[in-house]
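Shared chain: subunit A. Partners: subunit B in the first complex, subunit C in the second.
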Partner chain A sequence: MLKSDSRPGARCWLISIALGLAVAAHAATPEFEIEIRNHLFEPDVLVIPAHTKVKLIVFNRDPTPEEFESFELNREKVIMGGSKAIIFIGPLPPGEYPFFGEFNPATALGRIVVQDDGDAG
Partner chain B sequence: MLVNSVIIVLREVLEATLMISVLLAVSRPLQLASRWLAAGLALGLVGAAAYGYFLGPVSNLFDGVGQELVNALLQFGTYAALLLIVFLIARQGSQPYRNSRVLPTAMSTAIALAAAREGSEILVFVTGFLHMDNFMPSVGLGSFAGAAIGCSIGVLFYYFLLAMPVRRTLRIALALLALAAAGMSAQATRLLIQADWISVAGPLWDSSGFIAEDSLPGQLLYALVGYEATPSATEALVYTASIALMALSIFLGFRAAGQVPTRVQ
Partner chain C sequence: MNRYLAIGMLLVPAAACADGIVVDRIYDPYVEALETEIELRSILQYDDELGDAQKYSFGVGHALSDRWALEFYAIGTRFDNEHLSINAYELEAKWQLTEQGEFAFDWGVVFEIERGIDTQIWEVTSRLLASRDFGRWTGIANLGLVYEWGSGVEDEIETELRAQARYRLSESLQPAFEFHLGQDTLALGPVLTGLYRLSPGRKLRWEAGVFLGMDDESPDRTLKLNVEYEF
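So, the complex of A and B:
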């Protein structure tokens, strides 16, 4: 009796661990998307949480290549025309981090705003 | 578009031209025929064309971080070649180098790897504008001007190095190669962080208020010693360890020179 009583408890426990792990794994790297269209970033301002690594997916909708570049973020990546690029960013302290398209720096400008959870919204 | 092309090409070629200047300056006292440069550049251009052509598919490898991994591999490869180069130069002293093909081959390798990485980016940039006729003249002209400025800086640096006594030229060259190589291995580490193959805790310090990375001194320091205003602890550690390893290689070279009996005169 004791055995069968403890089993659902254990199963419940396991399921909640599994769920917790799945949530944690998902929450570990939140994903954000940016598009490049007509040599412009869309959106050009992206808010991400502080002290958290995030996965940035940049879609280049233009036929021409672009290079995502940021001195402040220490990131640099060529994105061929009509393709997407994955760039991991952070963890970063709160602040503003400009980025630009090196091949079209006059128009392709944007910034990433890193905020503490409390400041968001 | 014109100024933009100048800046892009200049930034890409600067690192390679400075390395070429130092290696060429070293070749003079060692009486090394500069064939290694032609071979390295030719190989690098072929590599740049191939890498630039396949950059799209390469980028999609390894869950979309193929570009970072290939660039990191090229950077670490350059570091390894330079590690061997400084050992051989230190061991040689200012004696003519006639022992083997190892040193010129290592120099060609270092140049080829650097040229393939930086050249592919220039190629992607320039060819991206090929089908836009109105842009092409300014892109072509700007790229040429950027390359010319980069080469001029390299030539000036070459004569600056050669204007010194031979022993000092060699010592300064060894120090510069050690710093440049450490910068490359730190850059390669940064690429692995960007690809999420290495996790970091965030920037260790921020010296951008002192020397901004996008300023002229920042860019020059980046090309020379791999300057980074906001490095993570991992990058700082790799940079320090890479310099230590280069210093060890130079030390072993000097020691080997001291221990080896005098060559046939």
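So, the complex of A and C:
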């Protein structure tokens, strides 16, 4: 059993390890970008690796808000006009996952294509 | 048997003060920026010994940002054949703590303050919300800490646990199974939930569930019906 005066050192080590793991986990998350321009997603097809969590940064270049929505991805996120939002996706098995803009569903359409490592571009 | 019936009758007013109805909505930890919602929630409880109880909540809510949402409720609760009227008001604040999918679990908190109109009873509740996807399944847990005080009731602290496992079959129909544990209630049952899109930015969410009491103290049967219009 640790003496009480030895615990602060042990705590520091544990906190350092935990923080290090958290930073490493974030550093390893691949990032992808999509833009919303004239109520269209650009690109409208995004290829990401299978079984990997990815960080999707969505820039809304329009002056009006848009909502990134996908039942298949289980994501809903409003992006204000002229701003950006971060959406975490996955890990997902290979397949196609459509998404759309809730406020402009006729034009703002896209899909995430999840491919095994080596196939993803 | 009559003794139990008498005790049950005595417990009904106590349950009324404490609200007494544990089965309720299960919250996900997410806030949708810009969203306004109108909600009608009904909880119908049936028990041969405790008697019947019904709780209706009419709520109007709005997201203040992508992290905070406020909702105001007018609540009417009646027991057996009492006249139904609004007997409490509630203000609820939801705080999304983490980005969806960023960590192993998504986290949020709901704070509620409720005041009885005629009873001068106050109730504050904090609920920790957690959610995680497992493929097409989504698991949600709500752990609540309730503090109640006011005239005619003893100050008390209660805990509640609600959990849901939902299968995302389709947007319009998602079967789920729920568990509700709280004061004098342990209830389990199936739930159906879904969403209809009325027009861009306008949605109707619905939820219906039937719960069976798992012990002698729990109400025999409880129905939950919830409709939300989001715009």
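What to note about this one:
Assume the second predicted complex is superposed on the first by the 91 of 121 C-alpha atoms of A that agree within 3 Å, B and C clash if a C-alpha of one lies under 4 Å from a C-alpha of the other, contacts with A are read in each partner's own complex, and residues count from 1 in each chain.
As a convention for this text, contacts are C-beta pairs under 8 Å (C-beta built on N, C-alpha and C of every residue); 3 or more make two chains touch, one makes a residue touch a chain.
This is a predicted model, so every value here is computed, not measured.
Once chain A of one complex is fitted onto chain A of the other, the partner contacts of A:105 extend to both subunit B and subunit C. Touch criterion met: A:51 reaches subunit B, while subunit C stays clear of it. Taking subunit A as the reference chain, the count of touched residues is higher for B when subunit B and subunit C are set side by side. Within the superposed three-chain model, A:84 lies in touch with subunit B and out of touch with subunit C [touch as defined at top]. Comparing the two complexes, residues 53, 65, 67, 71, 74-78, 80, 85-88, 90, 102-105 of subunit A contact subunit B in one case and subunit C in the other. Contact residues on subunit C toward subunit A in their complex (touch as defined above): 30, 32-35, 66, 99-102, 133, 138, 168, 170-171, 200-201. The residues of subunit A lying in touch with subunit B in their complex are 29, 51, 53, 55, 63-65, 67, 71-72, 74-81, 83-88, 90-93, 102-106.
Contact residues of subunit B toward subunit A in the complex are 4, 8, 55-56, 59-60, 63-65, 67-68, 121, 124-125, 128-129, 131-132, 190, 193-196, 199-203, 208, 212-214, 228-231.
Within the complex, the subunit A residues that touch subunit C are 53, 65, 67, 71, 74-78, 80, 85-90, 102-105.
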